[in-house]
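In structure tokens below, several structures.
In what follows, chain A forms one complex with chain B and a second complex with chain C.
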Partner chain A sequence: MGEFLNYTVNGALIGLTYALVAMGFVVIYRASKVFNLAQGELVVLGGFIVWLMMIQLDLPLIIGLPIAFLCAGIFGFLIDRIFFSRMAGQSVFAMVMVTIGLMILLRGVVLVAFGAQVRQFPAVFPVFPVIWGDFLIPQAMLYGGVITVCVALGLAWFFNRTRAGLRMTAVAEDHQVAMSLGISVRRSVIIAWIMGSMLATLGAIIFLSNRSISFITSEIGLLALPVALLAGLESIAGLILAGILIGIVQGLAAGYLDPALGASVSSVLPFVIMLMILFIRPTGMFGWKTIERV
Partner chain B sequence: MDPAGTFATSFVRDQALIRTRWQWLALAAFLVALLIAPMFVGPRLVAIGIGIFITAVVVLGLQLNTGYSGQINLGQAAFMGVGAYTAGVLSTTFGVPFFLAIPLAGVSAALFGFIFGLSAARIKGFYLALTTIAAQFIFHFLILSLPTSWLGGSNGIIVAAPDFFGYRLSTDTHIYYLCLVVVALMTWGAYGIARSRQGRAFVAVRDDDVASGIMGINVTRTKALSFLVGAFYAGVGGALWAYYVRYVAVDQFTLIHSVWFIAMIIVGGMGSVTGALIGVVAIVLVQEGISTAGPIVAEAMPFLGGQISFAAMNIFLGGIIAAFLIFEPRGLMHRWIIMKRSYRVWPFPY
Partner chain C sequence: MLTLNNVEVMYSDVILAVKGITLTVNKGQCVTLVGGNGAGKSTTLKAISNVIGPEDGRVTSGTILFGDRRIDNREPSQIVAAGIVHVMEGRKVLRHLTVDQNLLVGGHMERSGREVRRRLESMYELIPRLAQLKTRTAGYLSGGEQQLLVIGRAMMANPELIMIDEPSLGLAPLAIEEVFNLLSHLKQNGITLLLVEQNSSAALSIADYGYVMENGRIVLEGTSDELRNNEDVREFYLGLNVEGERKSYREIKHYKRRKRWLG
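The block that comes next holds the complex of A and B.
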């Protein structure tokens, strides 16, 4: 029983980390109608900026992290200026391909700038796990989970309740309609990329704390895909539930199915779930249903 | 647009691919040049030529699927892999001759692609892109988790040289001619599909699938068919690859290869068979240039690190996709058509 609860709780917390990375997808989508497949690369980039600040330049936490977030924001702004400011109203194919191009481009840039070596990521959170009865929980995961839930609720409130957030939501509905209502699509897209890039850095700090970072870390973007799809691409608060669900399923599969079957079922299972969502209900649990007109 | 003085007087004339006597001459000269090329150029260029031919077959299929029908397909490399494995197993285990194994490889890839084509009936756009990415991972997972005695697992399989009634096609020059014949047939086929009723249905579905459904086109059937055709081309290309490299492994067919294929149709021009061929030639030549220059640059400037070639390849691929989509979304073919038109109507503006 203790074992089962341990798998469940740890799975749920890992799921919340995925949800934080998936939040980058959703925030960018919610404000610009671009699904950014390069989110994993943004996480790596954010991670390397933090690494640069804290290990290379040896800045203390309290100075290093704000500078890292500032850099990430500037970087998101640049990505928007260079790539997406000219893409308003383009087809889905063009948008998907530009983000894939961005993904591959950023991987090359990271390789040139930081090399292919595996580096030690600074321990932002205390290293020792919390032991509480039968539970053994890494502190980074615990704090990360709390941060994720707070950020998700805050962003959900921003997008659903404030005037600025609703304006950005209108952009996600339809670029042309939003423009004709006097909403600046450009500004909305800029804000989306700055927020998405900062969220990626936050995800990197929580996911990578006291682990190692290299350009392959970008796989976290792929792991977060099923969470974003299960929640639906437009729902931020739904990410919490979706992340916990996927995390628990994966945690239990790793605990019970993997030893029994001798294969890495747990690593494939989220993607099987993703395919099922795509086939059965592509809008996920809380996504918007769109009506098509000719 | 035709040169001045050339008018079509019948539907057959209007549909013709080759419209003037000079075009016949140019085509004949081009084919003869390709035929005699291996006698004059070195083995390296022959190898590059084979690479271009094989890639051209695969990309022609992707052009029909993505360029003409507008179905985002990020799994073309997986379909190619299915073809390569089929050809490898058929010729090595069952001794099927290559002229049967190549079409059969196409058929098996087409069936695999058709399954994903059916999903295009329900979902589209970004969700379809994700599903085809999933095809890529399903392909890898299947090959690696099936018993090693079937498909070789992570070891891959060794393929015997193709055998033409006792005459072994073992050198690169032989393979060059085999690929040339196949690519010529497949290009002709692609032009035929593109200007047929089905090709027009593809274009209608790409431009607006709801509207084309109202016009009486069976949208589900058209989408599934476009995946079927595209994957058939990929399978044939995969079979040629298997006979050329004579070794098939799962890491020859990854997502990044699919992205390269899409980059080729973006650079060449979406919705144009000639554009696909132009894109293939342009990108393969740059790839070869980077992989040749990479080691030299790494030696001259060691501070850049040993993986400079890999990094440069990534920067080039990502940069060219983004640059073309932002600045020239209709590709090189569009630029060429503008130039040709202005040349033909000169001195008039239109």
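The block that comes next holds the complex of A and C.
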């Protein structure tokens, strides 16, 4: 029983980090309808900037992290300016092809700038795990879970209650209608890329704290995909539920199925779930179902 | 107040949808633009509000003046800021937002939160139907309610001129009446209206002046009384004719119609 709870709780917490990475993905998708396959590379890039600030330059946390977020924001801005601002009006397919190009390019940039070595990521959160009776939880995961839930609530509030956020939600619904109301679609898309890139950096900090980073870390971007699809691509709150769900399934599979079968079922299971969602309910579980009234 | 001079609009640099139209909307007037399917009415409105970018359209010649400022090919946000709001065809509510949120988005340009709340209050006074629906998701409202909502949302920007595209499309007679009541109310409050309609009789009932569009051109214009009494308008757009039977649109040759209209 203790074992089961341990797998469940740790799975849920890991799932929340997927949800955090998926949030960046969803924020970009909502505004621009760009399905950003390079989200994992943004995580790696953000992670390496943090590494650069804190390990290479040896800056204290309080200075290193704000600079890292600032850099991430600037990267998001530049990516939109360089790759997507001139793509306005192009097909979704063309946009996705550009994100694949971006993925390859960012991977190259990371390899050239930081090399292929595995590097130790700074311990942003305390290292020793929390032990509660039978539970053993890494603190980074615990803080990460709390931060993820707070960020989700904050974003939901932003998109539904603030002027800038409502503008972005209008853009998410329909570019032309948003324009007819005097909303600058361009500006909303730029803000979305900046936010998406910063969220990727936050995801890197939580996911990587006291672990190691290399260009392979971008796989987290792939794990965020099933979470985003399960949530339905538009719903921020849905991401939390979807993340927990996928994390628990993966955690339990890793705990029970993998040893029993002698195979890594847990690493493919999220994608099996993703395919099932795509077959059964392509709009996801909590996302914007197309409301049609005739 | 709004003047179009020989405006041409092209889609994808090949389809000439509006072929040099000239029209004027005076302050406080309600002007209607009627015409059959594909005449170019919506394109004209989209050219004025400049929301044709996403459809790869643009104004290729002519000028659009609002007051004495050129507004052709300006940013849509500048046009809204100047005082023109476009209520697009098809009751485009923000479907996943509530009625309240839809209206707030309409007033997004206003920086003062107090002023926005004041407008919201007065909007609910103006359209009491919406007040009961404040927290409802806009996508689930009835067609008539959605039409009231998009007009209310446009009003939240505090415009001088509202352009409305086919507000009666697909609505039951009672809902049409409600929408047109709202429009005449707006007109009484000094809002200038540019109304595109297929339902010409409803449109002419509140309009002061009208233009008839066909094939990207304006083929006839006049006060609403003149248009109502015009034989061709009665025949093609009001569905009435002297013998009391409805003739097919194609039966009369184009040149003959033009001659009669121009003469």
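The definition used in the following text is that the second predicted complex is superposed on the first by the 289 of 294 C-alpha atoms of A that agree within 3 Å, B and C clash if a C-alpha of one lies under 4 Å from a C-alpha of the other, contacts with A are read in each partner's own complex, and residues count from 1 in each chain.
Keep this in mind: contacts are C-beta pairs under 8 Å (C-beta built on N, C-alpha and C of every residue); 3 or more make two chains touch, one makes a residue touch a chain.
Computed from a predicted structure; not experimentally measured.
Enquirer: Applying the touch criterion given at the start, work out whether A:G89 contacts chain B, chain C, both or neither, answering first, second, both or neither.
Expert: It touches chain C, and chain B stays clear.
Enquirer: Between chain B and chain C, point out the one touching more chain A residues.
Expert: The partner that reaches more residues of chain A in the superposed model: B.
Enquirer: Does the superposition put A:V112 against chain B (first), chain C (second), both, or neither?
Expert: Touch status of A:V112: first partner only.
Enquirer: Under the stated touch criterion, which partner chain does A:Q176 make contact with: chain B (first), chain C (second), both, or neither?
Expert: So A:Q176 only meets chain C here.
Enquirer: Kindly classify A:C71 by the partners it touches after superposition: chain B alone (first), chain C alone (second), both, or neither?
Expert: The answer is neither, since A:C71 touches no partner chain.
Enquirer: Taking the superposition on A as described, I'd like to know which of chain B and chain C A:L229 touches: first, second, both or neither.
Expert: So A:L229 only meets chain B here.
Enquirer: Using the superposition on chain A described above, determine whether A:V98 touches chain B (first), chain C (second), both, or neither.
Expert: The answer is first: A:V98 touches chain B but not chain C.
Enquirer: Identify the residues of chain A that lie in both the chain B contact region and the chain C contact region.
Expert: Overlap of chain B and chain C footprints on chain A: residues 293.
Enquirer: Across the complex, what residues on chain A touch chain B?
Expert: 35, 83, 86-87, 90, 92-98, 100-109, 111-112, 115-116, 225, 229, 263, 268, 271, 274-275, 278-279, 282, 292-294
Enquirer: Under the definition above, what is the set of chain A residues touching chain C in their complex?
Expert: 88-89, 160, 163, 166-167, 169-170, 173-177, 179-184, 234, 288, 291, 293
Enquirer: Where on chain B is chain A touching in the complex?
Expert: By the definition above, chain B touches chain A via 66, 70, 72, 74, 119, 122-123, 125-127, 129-131, 134, 137, 141, 145, 208, 210-211, 214, 256, 259, 262-263, 266, 304-305, 307-308, 310-322, 325-326, 329.
Enquirer: Touching chain A in the complex: which residues of chain C?
Expert: 49-51, 53-56, 75-77, 79-81, 85-88, 92, 94-97, 101, 104-106, 108-109, 137, 139-143, 146, 153-154, 157
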